[in-house]
Amino acid sequence: MKRLAVLTSGGDAPGMNAAIRAVVRTATQQGIEVVGVRRGFSGLHRGELAVLGPRDVANTIQRGGTILLTARSHTWRSPEGRAKGAQVLRDWNVDGLIVIGGDGSFHGGHYLQEEHGVPVIGVPGTIDNDLYGTDHTIGYFTAVETALDAVDKLRDTGASHERIFVIEVMGRHAGHIALDVAVAGGAEEVFIPEDAKSVEGVVEIVKASVAKGKASSIIIVAEGYPGGAQGVADAIQNGTGLETRVSILGHIQRGGAPVSSDRVLASRLGEAAVYALMDGEKGVMVGRGGGGIVYTPLHETWEKRKDVNRDLYRCAKTLSI
Amino acid sequence: MKRLAVLTSGGDAPGMNAAIRAVVRTATQQGIEVVGVRRGFSGLHRGELAVLGPRDVANTIQRGGTILLTARSHTWRSPEGRAKGAQVLRDWNVDGLIVIGGDGSFHGGHYLQEEHGVPVIGVPGTIDNDLYGTDHTIGYFTAVETALDAVDKLRDTGASHERIFVIEVMGRHAGHIALDVAVAGGAEEVFIPEDAKSVEGVVEIVKASVAKGKASSIIIVAEGYPGGAQGVADAIQNGTGLETRVSILGHIQRGGAPVSSDRVLASRLGEAAVYALMDGEKGVMVGRGGGGIVYTPLHETWEKRKDVNRDLYRCAKTLSI
Amino acid sequence: MKRLAVLTSGGDAPGMNAAIRAVVRTATQQGIEVVGVRRGFSGLHRGELAVLGPRDVANTIQRGGTILLTARSHTWRSPEGRAKGAQVLRDWNVDGLIVIGGDGSFHGGHYLQEEHGVPVIGVPGTIDNDLYGTDHTIGYFTAVETALDAVDKLRDTGASHERIFVIEVMGRHAGHIALDVAVAGGAEEVFIPEDAKSVEGVVEIVKASVAKGKASSIIIVAEGYPGGAQGVADAIQNGTGLETRVSILGHIQRGGAPVSSDRVLASRLGEAAVYALMDGEKGVMVGRGGGGIVYTPLHETWEKRKDVNRDLYRCAKTLSI
Amino acid sequence: MKRLAVLTSGGDAPGMNAAIRAVVRTATQQGIEVVGVRRGFSGLHRGELAVLGPRDVANTIQRGGTILLTARSHTWRSPEGRAKGAQVLRDWNVDGLIVIGGDGSFHGGHYLQEEHGVPVIGVPGTIDNDLYGTDHTIGYFTAVETALDAVDKLRDTGASHERIFVIEVMGRHAGHIALDVAVAGGAEEVFIPEDAKSVEGVVEIVKASVAKGKASSIIIVAEGYPGGAQGVADAIQNGTGLETRVSILGHIQRGGAPVSSDRVLASRLGEAAVYALMDGEKGVMVGRGGGGIVYTPLHETWEKRKDVNRDLYRCAKTLSI
């Protein structure tokens, strides 16, 4: 292996730069040259590539976003797009491709390999933590911390006004962020897509909470929960008559300097991705599991379901009394 | 003067606790007892009062919100409400009242004094900085910092995706927060209620920005600007066809540990309010101006208009090239 | 089981309040009363106990320090001290004791149980992460984040002045914090007590780093490394003649609002400690391992050695090129 | 005026990049070209110059440190050094020089202008706030915030252990940072170089504080106070026998993303420096005073003394009861 390419694709996540840096420096140390692809698969199809050396990634480990830029491209969905991408990689004499992103990006990588034989390694980079095959994804820890910081702030004002705050956090179809934020934020209740419980129950919870002397309440809702925060807030307002405010945290959860856990995870997985290619692996995602590095076929990362931590879900309930 | 009362009213603001602490400790040092009123004017009318000593405010200077709680009460609007409040203060042998809040709260204080002779001193506590008679209001600096932190995060993701972000910040009818955040956040454009410029102009700005090679743009909109962030974003999206996202920061701007500037301002103004009462002042707000403490009649604080810093507004334009 | 006691002991760690809260609320939900002991073992021996209800721990999950106070007591070292402590627990009709702290605290708990039959459960609360039997200890994540934030700041000034910064982080006899901070902080080199490598080698590293065009360097030193940061800095200054600054981060690493990972870990382990007592466990620490809760005999937590992550140590080296 | 040069010199300060950006963009908008000098006066004397365009300063407003690098150079002290620097500026056809730094840097600028006729404008960039002629200096607000954050953290651990913390903050020969941090941090006492009060008094203060029921104390000491934090701590330890810890915050106070107040101040002063040169001003520092921009002869900035805010100093005393 003489040369590999790396790209970031899909929604950006804090820690992607740390992963790029780890790929570049590990490869360089192993005598492999790295080519960076800009703007994900769309950039690949347009030939936006350039060689990356160790100094090009200096002072990036603490930066949010991705220096390679990203795009929510759909060009990988067409056979022509994939053929063009494979041709670009051949033109650049690339022996393998590392894709940092989420399940959409892994689909692109999977088909590129299936159809054109390019060895592809996935690195899980998404704030949603919704990929099977890794304990956590790069960006998840920072997103949780950003959301938690907002919850702490909202609790200040909620407590002062004795209000109920219903806070919607990201996570796509998964409740991981919501669950961690609910436990860490001391929320009264949490709604996640993985549990179909009725929104009606929250009315009783809030009433009981008031009866216990709690003057304010924090309710966390995952964006994937049907109806979202607004639906939950409407149910509370109608059922209790109490002043209820909605806060949708939105895109701030994607940005900011990555926290240490994301930087360390990204460094480890970026390194592991290079070693995987060197070891002849392909079509797998490198993840962290059982304290070490594990490989999972790319298609399993989206086909298999990663459940939320059910013990934590129960714990959230216990601690809200 | 043997005893004074203090209350917080209206929207909470970071630094209100620092102001309460300063009132309690300054008064105590001067041999004056302090009674804290809970839940603003509604609490006053219901008789929710209790003596506050120096230890009761220990370890509160860094806390967001208000330990006295607050409410957006309208009970002060009725003559009966005000008569009841004045009676409660007489029952508690209170010689003066310190009101920490914004213009609604100052209205309440003003009429209480006019009709019932209670000496009232206002302390400007609102994130909006929209009170005439003080360079800054307590909570303003923290709100700007929180909004700026969000802008920094959104720029990470905006730059990675080469998107336009239109961000709405608080400020009620005023553009102070928006303007400081725009300059400090390096925004391309800022929309404030104080300037009636058309939203159409932003289309040309964004187009010119793209032509100059800027891949992403940050646009700041004050909540008081007609149409808000959504209106601006729609104009950009329609006029340029570029991917445009809206982020409404909302209530997080009210919470959080106060930054140093708010703690220092609150400490100075809380102290000054006690001295003002001792000096026989009444019906005035204590503010900071010209590097020292200034008094302004309560009614002027809302009757006179505090303009945004026009030099800074011009500077925002210059620096966005 | 009708009543249990909880105390915090030794150095305080962010997340201890979240653990106390979890103990109180889980026990209450299970119909068990909780008695809080103030000031650790010294307070126990002096009888400083009080009942804690669910509302007493409201709004504490985000607070640094410990609401129960702590002390680096040595009273547990004497048989008389332990006999007195056991008597106090009997007087208060306590059926079990939960000790939140590090190895010194666990020694105290261990002997209390061995000699007086009090069922004791340990909860790992220390920023140092130096206890065998748990992946992480409560407070560790926050300490790493605080140290990393300082490293990011020092890099700003180091890069501007093209200086070398040698930064000493906490960790007692262990290098866990140093290693995570080195990887996440993009350090050139890290010195930990677990590796006896000579300080002389760093001179070559720094020289090579300068030759590669790096204008500044960050070197992380664990406080347990012989000679500390000063020793390393002296070697660099003498060996290279380059301007070298030492920064010893100190006690700030113990404080601050706990990050989400510490709050979640503390919530889970506090809950698990109550369940362990209910299940008849005693003399064990509850820890997190393999994704679930694991029990380890108290004496093993200090007798067995918890090594640093050797893969990460190697990774730190690779990524510093 | 066709071309101006800009440099940063002396200790770096957060917001220097915002000032550079403002200089570049204001000048460009006015049709003036900007040349950036790297590494301050030493770089000037070595000819390290390069043209800077508006895009070169994109995405820098939020960065700590200085992209132009800095050095604590003494080359400006020699007549030969200054002659060489003036020659370089002539070679580059520079019509004026903007110096961002503190009093050492302004000395350099002053003599360059006196001896060689180069129009020089100073921009106050130092965390110490020790320059006469401006309410605040660029970097000051961020340094205060960083120090305050550390104080908040130390109070968590101080309160949990019921300890006394003596914390040393920066400020060179001035007590500005110490005073703001003391008021905002709720410190029991503050020692600044501007007041020669004996360290012995603090022993009585701490004893009285304990008698009043305060379990922990925070004492702030400016680095310029004779004996520093260690001297104060020794006096307390010896005089009270209470456990006393010293924390010297050090260089972290120089780094980090600038807070909004520093970014806004830097933007305004950078803009004003260009306008000053265009207006034919020279040998002056641009500062903020009375709500607007003021000019002060460079030599007055170090000859005249800027006192600490005496009202605030008194306030610190009042609020510590």
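Going in written order, the chains are labelled A, B, C and D, and every chain counts its residues from 1.
Convention: a contact is a pair of C-beta atoms (placed from the backbone, for glycine too) under 8 Å apart; a residue touches a chain by one contact, two chains touch by 3 or more.
All of these numbers come straight from a predicted model, not from anything done at the bench.
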Fill in: Shared interface partners, meaning chains that touch chain A and chain B
none
Fill in: Relative orientation of copies chain C and chain D, as a Cα rotation angle in degrees, nearest 5
180
Worksheet item: Most remote chain relative to chain A, going by C-alpha centroids?
Response: D
Discussion item. Please tell me the distance, in whole Å, between the geometric centres of chain C and chain D computed from their C-alpha atoms.
Written reply: 35
Worksheet entry | Averaged-CA centre spacing for the pair chain D and chain B, given as whole angstrom | 28
Response to the item:
Note: chain D sits from chain A at a C-alpha centroid distance in Å of 40
Fill in: Residues of chain D whose C-beta touches two or more other chains
152, 155, 159
Worksheet item: With chains as vertices joined when they touch, what's the shape: line, ring, star, complete or other?
Response: ring
Worksheet, complete the sentence: Listed by label, touching pairs are A-B, A-C, B-D, C-D
Worksheet item: Touching chain C in the complex: which residues of chain A?
Response: 21-22, 25-26, 28-29, 54-55, 58-59, 61-62, 135, 141, 144-145, 148, 152, 155, 159, 180-181, 183-186, 212-214, 257, 259-261, 263-264, 267-268, 271, 290-292, 311-312, 315, 318-321
Worksheet item: Quick one: in the complex, what on chain B touches chain A?
Response: 8, 12, 14, 16, 63-66, 69-72, 146, 150, 152-157, 159-162, 165, 215, 245, 247-252, 254-256
